[in-house]
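So that you can tell them apart, the chains are marked A, B, C, D and E in the order they are listed, and the count of residues begins at 1 in each.
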Amino acid sequence: MNSIAYILLITFAGAGITFIVHHLIKPLRDIIAITVAASGLYFVIQSLTEKTKIVFGIADFNIIWGNTPYSNLFAVLIAVLGFLTILYARDFMAEKERLGYFYMNLLFVIGGMYGIVYSQDLISLFFFWEVMTWSSFLLVIYCCKEAQPIGLKYFVFSAIGAYSLLIAIVMIYAQTGNLELSNILQNFGNISEVNQIVIAVLLLTGFGVKSAIMPLHVWAPDSYSISPSPFTALFSGALSKMGIFGIGMVLFKFASHSGYFSYVKIILAWLGGITALLATFYAIFQTDAKKLLAYSSIGQLGYIIIGLAVGTPLSIAAALFLVILHGAFKAMLFMSVGAVYFRTGTTDMNSVTGLIRKMPLSFVTMLFGIITVSGVPPLGGFAAKWMLYESLIQSKHYFLVIVVFAASTAAFLYLYKLIFSLFLGQEEVEWSHVKEVPLLMLIPMLILSAFVLVAGIFPGLVLDPISHAMQYLGNYGFKYETSVLFNEWGNKINMQTVINVIGAVFLIAGLFVTFKGLKKTRYVTTKDIHTSGEIPEENENLTYAVDFYKPFERAIAPALKASIDKIYTAIGNNLEQAFDFLRYVYTGNGQTYAMYVVLFLSLLILFAELIFGIKL
Amino acid sequence: MFNDKEASKIVDIIKNFARKHSLWVVAYGTGCGAIELPPTMTSRYDAERFGIRGSATPRQADVLLITGYLSVKTLKRVIRTYEQMQEPKYVIGFGSCTINGGMYWDSYNTIKALDRYLPVDVYINGCMPRPEAVISGFIKLQQLISEGKADGAKRYRENLEWYRENQRKVIKNWRMPEYNW
Amino acid sequence: MEINWSAVLGIVFTPVIAFLVGVTYGGLTRRITARIQNRFGPPFYQNILDIIKLYSKESNINHGVMQHLGPVFAITASVTTLFFIPVIKDSPVFTNFSFNGDLIFLLYIMVFGSLGMALGAGQTGNPNSAIGVSRGLSQLVGYEVPFVMALVAIMVQFQTTSLNDLLAVQDHFTKWIIFQSPFAFLAAILAFLGMMGYAPFDVVIAPAEIASGPPSEFGGKYLGLMLTSRSIFTFAKLVLFTDIFLGGAHDFITLIIKTFILYMIPVLTGIVFPRFRTEQSIRFFWSWPLFFGILAILVVVF
Amino acid sequence: MSPVHFIAIPLFAAFLIPLAGKVSKELVKIIPGLVLLYLSFVSVTLFPIGTHHPVVEIIAGFKPPFGITLYYGAIAAFLTTLITLIGFVIWLYSYKFIIREPIEKYYMLFMMLITGSTGIVLTGDIFNLFVFFEITSIAAYSLTAFLRDRDGAEAAFKYLLIGSFASTFFLLAIAIIYANVHTLNLADIAVKIQDVPVTTRLFVLILFLIGLGIESEMFPLNGWAPDAYSQAPSPVGAVFGGIVVKAAVYSLMRIIFLMFNSHDVLHFLLVMGIITMLIAEMSAMKQQQIKRMLAFSSIGQMGLVIIAFGIGTEPSVRAAMFQMFNHALIKSLLFFSAGYLVFHSGSKKISALDGLGHDKPITSFFFAFGALAIIGLPPFSGFWSKLYILLSIADAGLMVPVVLILISSIIEAVYYLRVVSRLYFYKEEATDVRRTPVSGLIAMGILTVVILLVGFYPNLILNWMTPAAADLLNKASYIKFGLF
Amino acid sequence: MNKNLYNENQTIEEIKNTFHTAEIKLQRESRIIVKLRSDLIPPFLSYAKNYLAFNHLAHFSCVDWIEDNEFELVYLLYSYEKNIVVIAKTRISRDKAEFVTIKHLWRQAETYEREIHEMFGINFTGNDRLNEFILEDWDDIPPMRRDFNTIQFAKDNFYTRPGREDAQDVRETITKKSGEKIPDFAKEFSVRNLK
């Protein structure tokens, strides 16, 4: 048995065992969950080297699991994030109930994701896609009663996505006769051009729902914010990447050569752009930290989709680099918000304030997170953004560059609001009891921060696996060194020098400021501020958080009116009304039913020739 | 080639020269003298020639102007602002009300001699000195600084107890944070 | 390994020169504003004295590590921006690291400073500084968009993102980009007004309204370091604009002339205009400059 | 050990039970169990023989085309095994569930029902088919009214009213056929039907469609079904959903494929199947009572089976059979768990089920399990059958039914998950202290295990589907063996 | 008094025949002084406001007649139409310093009343904001009362810099010029005898 079989077996079996063990010995359950995730990680790393393939027949289709460079990329992401989230969950969920249910579903989701990434044929892809959907549904509605309608909305959208996948799979089966990925790709060409486009669009909608492209994103903000924090980190970090994994496959493996396909790509790119822009604008005016991060996560996915849809080698590299990075920094941010929730019990940005001195490490994690999201040089976000912009400019998407840049500049607003309202600002008496989160929750956060730093200094390390994956995707090559990035016009940026310069200047300036008059520099509390002579009482609240960006809101108010959510709820409601007319069909008294039978009989007799034709 | 004492002397000269030519005034007018400041700053008398500029917060400022009568209520705020300013700070008392109570010498509400409560470096007399007098006051302050004699802050720090005792005598319910200079 | 002395010289002296030039420009601005207001105004070296006085402050106050490091972020950003711009065209001393970075990097490093300062201001706990930061960031979104449009138009027209290539293209007086793509220049200059933060767009540090906004709790050495970084940053931006639009400078004197002329544009508009509210400034940036930006790109595309 | 046992033994048991009732109540409960156990043993042993080579049994010495013959082919083998297995599980469930007074009547009718449905499946003679049809219907009418409350009686009356329509049309059709063809043997009719004039054949077809359509719950004719299912006690509902409807659909298909095997008829069936499914799913969405919801959902599933049959290609019929098997299992599991949920919560309303997940974890787990299985989510068997149906439809080149089936399964997912999440997440304090009896749990446990097993290894069942589909489809082999 | 004082006389007539006990005196053109009993003030004010178009409460102050042990409340009303100022005066006893609020007629009266309460210690029933107004943490007797010795208070509480002894009393120079005489009751307050 090679490592892929081990991974899937251990994860799914582990899920079952944790559920059973939960009912018997409670502490053992956490240990088992962690070991299962750790062994998953171990086998994924082990599987990187070997090129394995498992084939076994099930109901006259043969199921093939194997790893390709492209899937290894995503598998490592899932393994690492899965392991870290479970490590984080141990303490976060310590005193919550129904933990067996929680861990089982978490491991099911991780197993489902492994399955998707390793499946080489459409049946197992769809099989694991559905497993991932319903187990994540059960996790979304884990917390409380309000989660029920949100969970239902999530399930309906992912069902729509999954069933459009199924229609595409069925069409492929009808056209090519079999479902193994390898020979589908060979004779994908001889499917008629129209069908190719239809299949591609269906697959894109299917995968698009999961990666929350604009028109299909409605479920994302609520589901991300209502599900428990450890799972949200995985949900937005890894689960949304499955959609991206699919889109990547469709855009490059199933790519039909017909002219129309380029139109599909352009529309997708522009959809990604609009997603990024509108999601960022919505994120700015949120008051709940998790809702804000949810919208920001949709925005970042918009960037990845743009990268894939533009299609030049550099933009694919940017997209895949962002995939890995987004997984890391989104998990970091959700975990640090979870840490705040763990200590203060709320993620409402208007009430929590001034935790920097009480939770320094969570502050550092969030600081690294927002620096990466904003794409400012020292950390990894910059390399991804740099590649994305270069590729967009070189591939003549001028106005898309402007939209993307406006979105990423507007991102500074909500990022600053997030870290300012939670950690900086007034240190209130109300939160004086808060202390740092336990060690086991800190380790994942710090590991991810370290990774983001390394990805910033040596992007090459992350770009190596990406270039292998791109080789597999469609032998796209792009020029890069361990810490120097090139664009098509030959310009380059040397991350090494950038970091050295920034580091050196920062160090010199830092030393100068600290040691200049060290003896006479003193720390004062946030109550000792210039309030024109007045002396604020101890519990007087001087925090400025409510309506933080009111002027900006007044400037762009018209843009915020359009909301797709209203349209969907409207559709949902009048569908409900439409089903009401059926009450008139099933009236409930025998006579009408008898009348139906007679009516049906007469109808058949009258139109017999028409219905059954003569040649019986 | 030159020992440590001379070096520190040269550094002091430069420091005093810089402090002399860049006096930032806290935007804080207490009495009727505050109206004298705009003309001194604007085109006719132009105090900016001497490097005198307004600053919004006590953290950034060097000079605290007490322009006119100082009621007990305002004294409490003035003390708080003074303590929030950074170390080489100077106080200039405008007009006779700060010197000996001026025309409010018999009022139940205003303090009669500013230097009992705050270390004053320069007094400018006149029942509201005209801009020329204000500028001459600043020039006097600049001389004191260059001679290193404008050590109001040091005096305040050294005999803080004496100042506190006077201040407590006037301000009934004290409730002020500690002065952690 | 042999040390390239001229490079080391460049690294040491560029920030110093930048600081001196920037500070003198500041002093001259104050003098010119005074002259326009019919008064003499302070000597041109007044800003230097202010900064020395701030450094010589005896006691300094901070509200925590982030405020302590705020000005450090600011100075790092300005010095790094300086290092990645070819100050004087192909002179061994003054090109520093300009071959390693490109325009997009510069765009982001310029934002790094203001973000660092915003974090520092955030920790002080003073509501005024928080209001200042929120206004500053909103305005940042306002003027970045037209600026990027201008840059994209230029990058596409000359098929390069590196500053040195742009300099190489503008070897002769008629080849300056200000003439080759005038709309891009217009959009960039209007965005430059926002970047400098002078009068029409100084709602961020409005002294009367929000007690000088973000730096309200900064005093002594922190304020000094902030002013130093601001002057270096002004010089860096001026050099950047001269390199992009006015063909860079062969020697120090042309550099001074060109930068001073460019510098007068925001200063003079600043003296004349009253202060915009934040949404007015955003709406301004998204009307005329945006229009010129789109025009610049359209010109390039067709 | 011949196919006749399937009919003779349950019939004999049906008459034995009232007598045994006099002796002791326990005996009444044991007999059906023993009979069904024996029958399932017989069906399992006969299964390989039947699929390999159809066994034709002559009763009372008359050679066909005169005497009554039993045709035990591959499809008959599959269906009898299904019926006996499901029957046994239902008996196990109702062992503790039925505690109301006339117990022996319940088991006697239950046995009649088993005889009737096995008879329909086995018989090769059309009139004999009608006779078994009557036995099943009568047993079904009285079982619906078993609870003797007002709604039960009303539902049974409605079922009787529409059922009698069905049997009259069925009998009329048989009479017309006999008048023209003078034979009752199905294989014989299949041969001689060609030279019957077109108009009469058309008329006979319509009569058959109406007659058997009512029993197999096609759209306009299924008014009776929701009331019958919801008012009958839940084991009876499982019997209807699991066995009776399957037998009816089988007989309709057998007649259609033998006598009227034209493209238009199948197309008509496809259209009717789609309408039935959509209407049923949509009205299930609005139901307030859990058993009515299950009734509509099972009508919807039957619509899906009819669609699959309507395609008429070999893989689609195979997929239809597989769907029938899965539906029988999952629907009975749902009816069983719903039965106990209603029993514990005291009222049929869905809103009364709030928070039952906490104090009745096992029963609600079974219901949730059944709900996830019927929607067609991967690890369960429902997924494979729905997938095969879709693949076979796509193979036949039609894409519209695929989309409609998927839309209906989305609707199905919504109303099932609404109930599941209501079970688990609306917190209520525990009111009812009674535990679910063990026999019910065992019955549900067996079904869950089988569903999971088939979910992981679908070809356990699929390998038996191919011969069954072949047996149903090619007329020639049926005629050859039928006429002996 | 040659201007026609039609308006003034007209108003005096109207006041006379509604408030018979009022002492009305026309001091000069467009200024009428009315003295009333204290309980007649509120009706008079609302009468003046609603019927005589005196819609502007110009001022409300208090005078401390320590000799007669009474406070005098003075209301100044002004009518835009008639361009006349009516000064309504009344006396209330000094020990039981109580009066009713007229907040309901003019909102700004509330501030006047707060100041009078702080400075004279008169309690206005119906005005619920008689808390600390201008003086912070003041615990002495209300300072504007004439029995409050300001100079003594200043001497005790504040340090006064020596050297004012030879300060020239400005009143003496004025009297020297105009030939008036400093009244003896004011003499004791001269700077000279500030010990």
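Definition applied: a contact is a pair of C-beta atoms (placed from the backbone, for glycine too) under 8 Å apart; a residue touches a chain by one contact, two chains touch by 3 or more.
Nothing here was measured: the structure is a model prediction, and the numbers come from that model.
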*Enumerate, in label order, the chains that touch chain A and chain D alike.*
none
*Please find the path from chain B to chain D through touching chains that uses the fewest steps, and give that number.*
2
*asked:* If you average the CA coordinates per chain, which chain's centre is most distant from that of chain A?
replied: E
*asked:* If I average the C-alpha coordinates per chain and also across every protein chain shown, which chain's average lies closest to the global one?
replied: A
*Contact-richer chain pair (by C-beta pairs counted) among A-B and B-E*: B-E
*Taking mean CA positions as centres, which chain lies farthest from chain D?*
E
*Could you give the separation in Å between the centres of chain C and chain D, each centre being the mean of its C-alpha atoms?*
80
_chain A and chain C, separation of their C-alpha mean positions in angstrom_ = 37
*asked:* Rounded to a whole Å, what is the gap between the Cα centroids of chain D and chain E?
replied: 104
*Which residue numbers or ranges of chain E touch two or more of the other chains?*
none
*For chain B, what residues touch not just one other chain but two or more?*
57, 59, 76, 87
*asked:* By the touch rule stated above, which residues of chain D touch at least two different other chains?
replied: none
*By the touch definition up top, name every chain pair that qualifies.*
A-B, A-C, A-D, B-C, B-E
_Help me check something: in the complex, which residues belonging to chain A touch chain C?_
354, 356-357, 367, 374-377, 382, 385-386, 389-390, 393, 396, 398-399, 401-402, 405-406, 409-410, 412-413, 416-417, 419-420, 424-427, 487, 489, 491-494, 497-498, 501-502, 505-506, 509-510, 512-514, 516-517, 520-527, 529-530, 532, 542-545, 548-549, 551-552, 554-556
*Touching chain A in the complex: which residues of chain D?*
157-158, 161-162, 165, 169, 198, 201-203, 205-206, 209-210, 213-214, 220-221, 223-224, 226-227, 260, 262, 264-265, 268, 279, 282-283, 285-286, 372, 377-379, 383-384, 387-388, 390-391, 393-395, 397, 399, 402-403, 406-407, 409-410, 413-414, 417-418, 421-422, 424-427, 457-459, 462
*Parts of chain B lying in touch with chain E, wherever the complex brings them together*: 72-73, 76, 99-101, 105-113, 116, 166, 169-173
*asked:* Taking the touch rule as given, give the residues of chain E at its contact with chain B in the complex, in rising order.
replied: 134-137, 139-140, 143, 148, 150-151, 153-154, 157-161, 163-164, 189, 191
*In the complex formed with chain B, which residues of chain A make contact?*
520, 522, 524, 528, 530, 532-535
